[in-house]
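Shared chain: chain A. Partners: chain B in the first complex, chain C in the second.
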Partner chain A sequence: MLLVFDRVTKFYGPVIGVNNISCRIGPGITGLFGANGAGKSTMMKLASGQLRPSQGEVRVGEDRAWSSAAKRNLGFSPDINSFYEEMTGREFVYVMARLCGHTRRDARRLTEIALEEVDMVDRGDRRIGGCSHGMRQRIKLAQALVNDPPVLLLDEPMTGIDPGGRRDIGRLLVRMAERGKTILVSSHILNEVESLTDSILMIAAGRIVASGTLSEVRNLLDDQPFTVEITTDRAREMAARLIGIPEVLSVELRGESLIVRTLSPGSFFGRCADLVLSEQFVVHRLQTLDTGADAVFGYLQQGSA
Partner chain B sequence: MASATPTPAAATVAPQFGAGGVRLFRAWTTLLMLSFNRLFWSMNTLMVLFPLVGCALFLVWRRYDRWTFAEGSFRAFSEEFMIFLFTSFVVPVCALAYATTSVGGDREDRTLLFLLVRPVPRWLILLAKLLATLPLVLGLVLTSFWVYCRLAGPIGEKAFWIYLTPVFYMTLAYVSLFHLFAVTFRHSTIVALIYSLFMEFLLGNMPGLVKRIAVNFYGRSMMYDLGGAEGLRSPDPEWFVPVSAWGAGCSLLGISAGAIVLTLLIFSLREYRDLT
Partner chain C sequence: MGIDNVRYHGWEGELRTPWVACAAIIRVAMLQVFRRKSYWVVIGLGLLNFLLFWSIIYAVTQFDIPRDDQDKLLGAFGFSSEASGGQENGYIMFMQRQSIIVMILLAFSGSLLVGADFRFNSLPFYLSRRIDRRHYIVGKLLAVGTLVSLLTTVPALLLFLEYGMFTSSLDYWRDNWQTPVAVIAYGLVMSTVLSVLLVTLSAYLQKMAPIAITWSSLFVMLSTMSGQLSRRAADRNWHLLDPWRDIRYVGKLCFYAGKRLAGEVSQGANAYYGIFANDDEFRRSLWALLILVSVCTVAIVALVRRVRAVEIVN
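Entry: the complex of A and B
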């Protein structure tokens, strides 16, 4: 099922939350990230039907996100830490299942399935008020999953969860994606999203500044230098030879490593390979430094500023 | 996967709400029961017991010639207790304790979000909240009213049947009005408290027509009219000209209906940006 933003603009009085956003989010995991105030939360609120667009339309399948019909197909894990504190985790998830219209028996069954998915079966009878932050995050996830919706919106789902828990939730989301669910995960921690998916929506100043896989996005930024680190035992000699390659902008010597910047990575790697072979350099390591999400996002933010 | 071009539809099939109405009804009744239970087992129940017990103690202290039908005791009971204390203070306090919390509590705790993302139309969410609150407040007000009347002896028993309708209508109007406050204002309990303890009092005692926007005015008008046969007299007509019991009753029902419609409308259309 598709989650569609069609030329969506949202104003908060005179302030613009998101500005003419269009995208179609299909099955699989899509990471949504941006800095605080970039418009992530507005997008999440629009998609979950908490807000109505000032212009344009947000649809979940065929239904407008604001409508109750859309919410049959939607599971939302919000970025808040509020619950019915007096309930146990199991009761809370059960009530949420009942609020989706399930019978008592079905709701109980779906609750157990959802708790099992988030590894909370054993701890489900604790009062939410006494649960750790990580457990509360899991309960939030469980209530989003309980109706088995085809579209999942997860706002900062990894916040406050320990590394083991993050791995478990990552696996869970991958499993869900494999079942054909459309999952939109927002985060301001880039590594989180990067570790979950290749498919990224980057948002800055209320606009989607890039979408696609990280490498695709990186390739779009051909006006930004591409940084490569090469570790070799003849670093000084190799630096002297590399600086003669026309595609190389600069070479920096750091011990046995070289930091090379180029605008044309494709032809640079070809020439570099030729040089290594002809001069018999022993290369211990060669890695690109700025294809990571942080670097890409940094470039994009500079561009949108 | 995010893309600029259409992506094939997912293989996943949305849960079918074939028996949509039944599912919706189940969801709605769940919300009704959830709201009722959360309100009933809240601190508010404990808090409203204080004024209720206070009133009972006042009645025991005041006596109102409890075991005789002394002349003027009905009027004294009506003016001092029913009009000044019970309908001006106890009824609005009981109504606001629950009516503002039913939506306002969820809003302040931000748990309203979990309801708004469920497949239940917003107006039905509000209706469930309203219908969970009404029996609770009516039950509390009418039960305490019955107890007070028993405490007041024979005049109380007579007063119970005379004033049952105005008390019922006033409770309904306050509950509806405070739901309107709850969906409109973020700190609705404070707004409702200021309204019921100050605005209602001020407006209800203003000369001229201004008092006609106060719930209290219509409640009092009904009581003066219905209690007239038992010796209750309305105050100086220079500043208080009551409307008939029938007119006042219609006005109270109109206020209730208007407030409910407006509340449903606002709640259906409003974006609650303070939830996340």
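Entry: the complex of A and C
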């Protein structure tokens, strides 16, 4: 099931939250990145039907996001840390299942399944007020999963969870995605989501500034230098040859490694391969240094500022 | 997490109407209130009042008390020694006393039941479900209404049952069948007014202290002010400023309507069946009804606007 933003604009009085956003999300995991105030939460709220767009339309499958039919297909985990401190995790997830319209019996069964998913079965009877940040995140995730929705919206789901827990939840999300679910994950820890998915949406100042895989996004940024590290046994000699390639901006020698900056990675890699073959260089390692999400997002933010 | 052992199963079936979700909202509210030990102190006071009325009814129906003393004892609590009539003021008095307990309880629970949803931005948990703002508002009103009913209507009905069960004559049931209907109607009025006012106030003020202060001011300050104005101007219409008195007036209307429904005739000194003292008081009760309807309408409009505005505040 697809989550579709069709020319969506949202005004908060005179302030614009998101500006003419169009995209189709899913199936699979999509990461949503943006700085505070970029419009990330507004997008999440539009997708979960809590906000209606001022212009355009948000659809979950064929239904408008704010309709009851669409909400049946949605699971939402908001970025909230304090909620119903008096209740136990199990009670909270049960109540959320009841709010979906399930009977008592179904709600109980689905609650146990959802708690098992997030590894909270044994700790489900603990008061939420006494739960750690990570446990609260798991409970929030459980309540989002409880109605087995085809579309999951997770706002900062990894915050406060220990590395082991992050890995577990990451694996859970990957499994869900493999089952055909559409999962939109917002996070400010980009590397975490980078390990989950290649598909990203980057938002800044209410606009989507990039979408696609990190590599695709990086290739679009031809006005930003692209950094490659090459480790070879004849580093000094290779540096001298590389500097003669027109696409290369600079070459830095670091022991047996070369740090090469280029504006046209596509043609650079072609010329570099020719050079290695013709001069018989032994390349031990070749890696790009700044296709990481943080670096790409940094570039994009600079561009949109 | 043993990911290989995860037993995630899809769910197939028909979901029930979103209005059923109101039951879940009531359940959450009751869990929240009854889990707090401090609230049990207030609820305990209500139980004491109930036990007092229970004991009085038990004493006069079960023990051999001289008729004069019986009249005095029951009269002090609004009841009549005539089991087949004159019980209305007893139930009105009981529910009015219970409403003081309710006022205290609501002053401290408004933040917990409604304010926290706005303060901690918990509303998305509700609104991302199949329910929308209508279901949320109705659910919260019903939750507060249930709390009010548990402390007023339900014990009043129990007193009615007690009186009937301890009275040897079947006349009680035959002549007072309209009383429980009137008790329920009065309870509904009280629940509706208090829940609308509390939910609206809590949605705007959110924190416990401002809610408790405003809530108390609304009921204590207006009551004192109306009393002062009424004495100084020698005009009892100033009592209409007091929300408690307005609720009680409308409650009396319910009992009056019950009597009319039963086809009883009121004449002479027993005009208005002893429920209203005179025509003026009857007319004032009609004004009180109009005031309560107006206040509730304004409060509901304000509440709807507040719940809509959440999207901007967040």
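The rule we apply is simple: the second predicted complex is superposed on the first by the 300 of 305 C-alpha atoms of A that agree within 3 Å, B and C clash if a C-alpha of one lies under 4 Å from a C-alpha of the other, contacts with A are read in each partner's own complex, and residues count from 1 in each chain.
The criterion applied here is as follows: a residue touches a chain if its C-beta (ideal position, glycine included) is under 8 Å from a C-beta of that chain, and two chains touch if they have at least 3 such contacts.
Here the structure is a predicted model, which is why all the values come from computation and not from measurement.
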Overlay on chain A: chain C relative to chain B, clash or fit: clash
Partner chain(s) touched by A:111 [first = chain B, second = chain C, both, neither]: neither
First (chain B), second (chain C), both or neither touched by A:2: first
First, second, both or neither for A:168, with chain B first and chain C second: second
Which of chain B and chain C A:13 touches, first, second, both or neither: second
Partner chain(s) touched by A:137 [first = chain B, second = chain C, both, neither]: neither
Chain B versus chain C as contact partner of A:180, first or second or both or neither: first
Touching partner for A:119 - first (chain B), second (chain C), both, neither: second
Touched partner set for A:227, first chain B, second chain C, both or neither: neither
First (chain B), second (chain C), both or neither touched by A:199: first
Overlap of the chain B and chain C footprints on chain A, listed as residue numbers: 12, 41, 45, 48-51, 68, 71-72, 74, 76, 78, 80, 82-84, 86, 95-96, 98-103, 143, 147-148
Complex contact set, residues of chain C against chain A: 1, 3, 6-11, 13, 15-18, 20-21, 23-25, 27-28, 31-32, 35-36, 116, 120-132, 311-312, 314
Chain A contact footprint on chain B (complex, rising order): 1-15, 17, 22-24, 26-27, 30-31, 34, 38, 41, 109-111, 113-122, 271-273, 275-276
Partner chain C, residues of chain A touching it in the complex: 12-13, 41, 45, 48-51, 66, 68, 71-72, 74, 76, 78, 80, 82-84, 86-87, 91, 95-96, 98-103, 106, 110, 113, 116-119, 143, 145, 147-148, 153, 168-169, 171-172, 175-176
Parts of chain A lying in touch with chain B, wherever the complex brings them together: 1-2, 12, 22-28, 30, 41, 44-45, 48-52, 61, 68-69, 71-74, 76, 78-80, 82-84, 86, 95-96, 98-103, 143, 147-150, 155, 179-182, 199-201, 211-212
